[in-house]
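Think of it as A, B, C, D, E, F, G and H in the order they're written, each chain with its own count starting at 1.
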Amino acid sequence: MSSSPSLNTWSDALSGFTIGGFPLGLIIVAAIPLVFIALYALTYGVYGERKFSAFMQDRLGPMEVGPWGILQTLADILKLLQKEDIVPTVADKFLFVIGPLIMFVGSFLAFAVLPFGPAFIGADLNVGLFYAVGIVALEVVGILASGWGSNNKWALYGAIRSVAQIVSYEIPASIALLCGAMMAGSLSMQHFNVVQSGPYGFMHFFLFRNPIAWLPFIIYFIASLAENNRAPFDIPEAESELVAGFFTEYTGMKFAMFFLAEYGSMFMVSAVLSIVFLGGWASPLPNIGGLALNTMTSGPVWGAIWIILKGFFFIFVQMWLRWTLPRLRVDQLMYLCWKVLTPFAFIAFVLTAVWEIYM
Amino acid sequence: MDKAMEEAGNIMSAMVQESKAAYDIIRERFGEAVSEFDANPTMPFFEVLDTARWVDIALFMRDDARLKFNCMACLSGVDYLEEGKLGIVCNFESIGQYTHRIAVKVKCQRDGGSIPSVSCVWHTANWHEREAYDMYGMVFDGHPDLRRILCPEDWTGFPLRKDYQVQETYHGIKVPY
Amino acid sequence: MNELTIAIIFYIFAAVTVVSAAVVVFSKNVIYSAFSLLFTFFGVAALYVFLSADFIAVTQIVVYVGGILVLLLFGVMFTNTIMSTDLKADVLHFIPGVVLTVLLIVGMLYAFYTTGDWMPGHIQLSGSVVERIGIETMSRYMLPFEMASILLLVALIGAAYLARYDKANKKEH
Amino acid sequence: MSEYFSNIKTATTTIATGLTITLRHFINAVKRKGDAGIDDADFFRQVDGLCTLQYPREVMPTPANARYRLYNNIDDCIGCNQCDRACPVECITIETIKVTADDLAICGKTSGGQQKRMWVPVFDIDVAKCMTCGICVSVCPTECLVHTPVADFSEFDVRNMVYHFGNLSKIEAQAKTKKLEEEKAAKAKAAEAAAASGQAPVPKPAPKPAPKPAGDQAGE
Amino acid sequence: MQELGKAELNSTRIIRQDDNRVIIEKDLDTEYMVLSMGPQHPSTHGVLRLECITDGEVVVEAEPYLGYLHRCFEKYCEKIDYPAIVPYTDRMDYLAGMNTELAYCITVEKLLDIEIPRRVEFIRVITAELNRIASHLVAIGTYGIDLGAFTPFLFCFRDREIILNLLEWISGARMLYNYVWIGGLSYDVPADFKKRVDEFVSYFKPKVVELRELLTENEIFVKRTKGIGIMPAEVAINYGWSGPMLRGSGVKWDLRRNDPYSIYPELEFDIPVPDGKFSDVGDSLSRHLVRALEIDESLKIIEQCLDKMPEVAGFDPRAVIPKRIRPKAGEVYGRAENPRGEVGFYIVSDGKSTKPLRCKARSSCFVNLSAMKDLSKGQLIPDLVAIIGSIDIVLGEVDR
Amino acid sequence: MDQTLSGFGTVFVFLALGIFFVVAGFITARLLRPSRPNAEKNSTYECGEPAVGSAWVKFNIRFYVVALIFIIFDVEVVFLYPWATVFKPLGSFALVEVLIFAGILILGLAYAWVKGDLDWVRPTPNIPKMPELPGRDSGRANG
Amino acid sequence: MEMFTAIGLNHFLTISTMLFALGMFAVMTRKNAIVILMGVELILNAANINFLAFSKYNGGMEGVMISLFVIVLAAAEAAVALAIVINIFKTFKTVDVSSVDTMKE
Amino acid sequence: MGLLDARISNRNVLVTSVDNVMNWARLSSLWPMGFGLACCAIEMMATNASNYDLERFGIFPRSSPRQSDLMIVAGTVTMKMAERVITLYEQMPEPRYVLSMGSCSNCGGPYWNHGYHVLKGVDRVIPVDVYVPGCPPRPEALIGGLMKIQELIRMEGIGLSRQDALKKLAEKSVDPQQVIDQARKVATA
């Protein structure tokens, strides 16, 4: 069901070629580029993180593997493929294996609703945003499975901390996104982009259109950091406390899955943030008089570029924070979530509602 | 040695004099339980002859308003092979109250000897005594937790004794080069 | 062709749902029960999609998987220790249970398949389900909606109190 | 309540400060510090920017007195054994053979002009054990034992780290030993003969081949 | 068998058996977990092992286990000559080799009763203070890592690298110098030394400020460390704490002032102690602050020394080194203020041999760490990490 | 065919692809990697020490309370999302209604706040004391 | 064949029956209180499937709305029930319902 | 049974190119276990830090042995620690490498003669691939040692044991005596 008939998702566009009503084959065709974008984002997220962090720390970062080290992530993955797989004797074999799977699939599924351009989206669900918020739940279960399945104390600590953290921050995160949904009046991811695109570029973005939007924007950003276990909320995998958190016992490919899932969700939340508050694929450049910058920089290809740029910008900010700040403690984390972010999220919610109705 | 002592007896540095004053207070209280003052110019000390009173002396040293040796700077085990004794040497000082310092020696028999533990007077003695036990094997009576501290639990011998012979293997790993 | 594809997907999810539900019920290990509940909930969510209730499907994931399941898992982890008690759950009243269950299945299925006119026909809902839900909660289901909040409040207060209160210790902590 | 807000405020400002600092570094990453060694006058010319040195490609010069791999210029070694005795780790093994009188010329002089009186067939330094403390170097009278600035010399086999600096091969060493023995025997014979003939020969100095005086005079 | 603890409301007991394994007997409510932190753990700073008995995230008790780096220093002292011990003292506190060397050398010098040339004293103080800065940089940097801030660590190491370069330039080695010899130094300083150190000081000052802004003043950092692991002054003294640890508890005690050695009496510097405004006196933050402020003081000392250092033409730093070091019979306890506190050497000489009869190293970290068990009770695991970090242990010194 | 499915069809494809990706990764790895298990290798990692006891212990109740509060607010959010899509046309009345709804739940939050359920209870840490005098068997506690 | 490929109401009803039966079975036979709770969740899910199925094939919003409220109920139920179970566990040190009812505090 | 376990007798072009790719991946992403024992560990940290930056080579430390490929034994291994080192080594997944850093772990180093509690060389308990000398080794030396490990990996292949690789390397490498001669040249120059 397409709630926005004016828009064609890519799969819709291709559905003319199907013989039945159900274009499964074409969906696959449509999905594959997305998959690659996702994987690309994952691997280059890792590379970017290394480089950015290096530059912030007066280092060079990966240099020797490929020119400027760009093949580093590839080598890492290839290497992880070759690593022996160890399943500890005391571990719960089933949960140990299923954990990374759920984790990865959970973070991967979220990509299905990310629009990469006016006609380039996996699935334009009319509950897209809600779906994006909810799919995190899978990761939670994956983390619990791997933490419990490892039968390792560090892993269990990491998992429980992580789950408590993710579920807590889901509340401010979802309320903050709710504010976005209220501004857009829809939950469809494409709709967000459509209502935020226009000739005046960034002036259409909710962040600039609405004087209160910065509050949910910041709240969601902070909460998304916590949901991804990013610093300063990386207590679940706090190296200096819990060795490696819930994936302490994981080797080789299974570990790679966590790795990819982590960077996948990083991109995911960054993209959601930019879609909901910063117009997603909409071009931020305004048309100035005769200079039709906006028109020039719109379109399917530009859309993908814009959203990836915006996503990467927020990934950059995440990294920037990570390499600057110390880590919070678990009670401070809960304090921040329940006593700062949640009340402010409610305030933002009320203000947005009032603004939207009366202004 | 004798000459040095004589000299020291005649002209004692200010530091040694302070120690002497502190010693006199202890001597006054405990009499024969402590030995004569040794005005060693680099480390003036006295010895506790009656080891049973060591804890009392320690408590007195810590709590007496004139002494206030609130800090035990160091406790070293020593092996007096010729005398057939093991001993400890403790260096005391008073932080924030006085400037005097003094060292105390306590000795015990080499085999099966024991020294009362002063870990109930200074926390710091706890680990130091464990270390002395670990290295020399003297027992500290009343120590709350007298285990080896540096060597593994199942290590044989007391490494710093002068007659220590290193064991050949430890858990199947060859020890000597 | 496409019907068949859909049917296959449906059967996959149906199978996932039922099999994992069976694991939930029959597994000796409570932890496995809890984790296979994940698949049940997920499968049920997929079935909701087949029933055009996409919002409910996502809600299912959000609330059941993200909330209830986590709660259950925590419950299992709190109340069971591998070390002292075993995680195996014993079976009680087995025979009457089986008998009743079989009777239930047979009876219900009989009812379904003999009643021919369950379906008055495909009436498609117009508009988005989400928006419909929004409107309905604000209008027709206003009272239940507000009651739900009170219910949740009461549940929160009660559960928090219970979790805090330690009977053996006779104190809140 | 005011504490609540002031907390939020301090947190925000301090985090912002931190972020500015890291961002400054990020922006400064276009600059590089370069490979100036501490000896260079402009060691501090570039204080911001990346400080990474890409080691196998770029090397920062080590100072002249850097103490890394030991090297013995055996041509200058007089076999005095001082280094061996001074080494706390005992990682130098020296075996010496006294030079026979007729070999003195072959054996040669050190670069300092001192006559060498010892063959050093075995001069092994176990660099795997050495802790580069420099004590041996400081006692060496002829300054033939030196630390080189070469630090990077890892091996696949630890046995390769015993460096043999001896100036004689095994066979040569045997030959020299034999020669020495012969000379000794000859001397003994001569001495006997002298004793027999009643002439007191010049008494042979210390039988140990350790020219201690030489060590002491240059060794401080 | 010893009983370690009990859960409050039931019959859970934690028991240490005779073979020293900890077991848990019967548990009912929340279970105690025995968690072994270390020897390979990112935040135990080496090979310390803490056996934590935890109740959820709360540490009921953490018992430190040492000796994973017991390298028999004291045995060595009895086997080798006085001057040869110097490189081993380096390896004791490997982060502050210069200071430990200095402590050892002044101890032996006390025993030998020799006068040291003034220039040597100045060079010793400069190098020791440089090394103190380097050591504090490591302490602060790794403390940052413990609390999750990685970048300050790298900044610290970047600046430390320059100090290492300086010290390598002087002594020939980067970390384990064997530079301070009994009665002198191994080399005189290079010609440009003063200029370079001066440049370093002016380079380093803004970096200290940057570090403070990045880490010490960061609200998260403050919140993580403030009020954690409070040690009252009186107990700190009783525990024998020294150095920044003791000063963190508010006791103004610095051996450079209270038992002065070398040329410290001629120099002006403050002894930073927390005033209780920014931190609670005696907590982890205070200890961190003391270290951070000491860097400033050390810079001050270095500047003064550079001013006052006499230039002697043809100076031979080995001039007064005795040919053979064989002290007369006697005992001595000498000490110096190391970055981590008081490092003392108790040396017994029998007057006959060139080797000490007994040489005990009083290690600052060993003593500081002994309070760990007491400090750890009732802390959360992250706080435990914060406390260990604030103690700033160097296992080489703890285990010797 | 139902339109909803086509949207979720993509999601299904993503699901399938995700699983496929993981499984393919695992299989490739399985083909490549060596496998030489031994008892020590398969032992639980605990910083190099042999692990004492199982990690499967009952966990702290606090985590449960967090999940509890979460679930309540989660359900609330479920109601708010559909409302957010239609609240503009519905106007003030709907707003008031939702504010009452949210207000009641915020009451719950306030309750939890006041009752300290939102505090991560930190036990009062031990402040070291002076050693106790001999004669009492309390060396343990302080030593 | 038609019966299998054309997914209709009966398919959903069958599945919901199965879930319901499994849930019932769990509730009736299992001793572990938490598994009983899981059984209850299964039953609620089965009910929800029915609501939605009828709603779809009858074309009203009632089913959807009711299923929404059922989910609310399920959440509240799970929260409170688990709190009770945990409390039972704290008191009786077991979650075995058969032993709990014979026990006294 | 994975490919890396296989015994392959005929090594054709395909096998070698697969080898090359896999070796490249392994050598480009050597993750050491963050594991320091003594003074050498500080130099190891210094090597990881900005000035030498091991991350240039894709080497970045992991704190869990499960995710590491390389164990840098940096420092003195004592008797008490030896068993832990074995455990940690065993807990690393294969293929794994060991680099012994510093005199102490090479052969006991400064503590070899009287150090009753020091393990005289970590190769007594675990197989060591590369020995880095020095006390402590300069960061340059550690990097050099890591490059040696990379060299070793380059020589490895499917069906080749580590010994074979070492042999292959030995064929290529220079005689240690030549190293000394070279050093002589350097010193005299």
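The rule we apply is simple: contacts are C-beta pairs under 8 Å (C-beta built on N, C-alpha and C of every residue); 3 or more make two chains touch, one makes a residue touch a chain.
Keep in mind that this is a model prediction, so the values were computed, not measured.
Peer 1: Using the contact definition stated above, find the chains touching both subunit B and subunit F.
Peer 2: E, H
Peer 1: Compute the centre of every chain as the mean of its C-alpha atoms, then state which one is farthest from the centre of subunit A.
Peer 2: B
Peer 1: Take the average of all CA coordinates in subunit A, do the same for subunit E, and state the distance between these two points in whole angstrom.
Peer 2: 44
Peer 1: How far is the middle of subunit E from the middle of subunit G, if each middle is the mean of its Cα atoms, in Å?
Peer 2: One centre to the other, that is 62 Å.
Peer 1: So how far apart, in whole Å, are subunit B and subunit C when each is placed at the average of its C-alpha atoms?
Peer 2: That gives a centre separation of 72 Å.
Peer 1: What is the distance in Å between the mean C-alpha positions of subunit D and subunit G?
Peer 2: Computed from C-alpha means, the inter-chain centre distance equals 80 Å.
Peer 1: At least two partner chains per residue is the criterion; list those residues in subunit G.
Peer 2: Within subunit G, the residues that touch at least two other chains are 68, 71-72, 75-76, 78-79, 82-83, 86, 90.
Peer 1: Which residues does subunit B have that touch at least 2 chains other than itself?
Peer 2: Where subunit B meets two or more other chains at a single residue, that happens at 122-123, 126, 150-152, 159.
Peer 1: Would you pick out the residues of subunit D that each touch at least 2 other chains?
Peer 2: 15, 18, 21-22, 50-52, 54, 62, 88, 131-133
Peer 1: Report the residues of subunit F in contact with subunit H in the complex, numbered from low to high.
Peer 2: 29-36, 38, 40-41, 43, 45, 48-50
Peer 1: Could you please specify the touching residues of subunit A with respect to subunit H in the complex?
Peer 2: 50, 54, 57-65, 69, 71-72, 74-86, 239, 243-244, 247-252, 255
Peer 1: Touching subunit F in the complex: which residues of subunit H?
Peer 2: Touching subunit F: residues 1-5, 22, 64-66, 84-88, 90-91, 93-95 of subunit H.
Peer 1: Touching residues of subunit A toward subunit E in the complex: what are they?
Peer 2: Within the complex, subunit A touches subunit E at residues 53, 56-59, 153, 157, 231-232, 234-235, 238-243, 323-332.
Peer 1: Inside the complex, what are the residues of subunit D that reach subunit H?
Peer 2: These residues of subunit D touch subunit H: 50-56, 59, 62, 68-69, 71, 73, 88-90, 126-133, 146, 148, 150-158, 160-161, 163-165.
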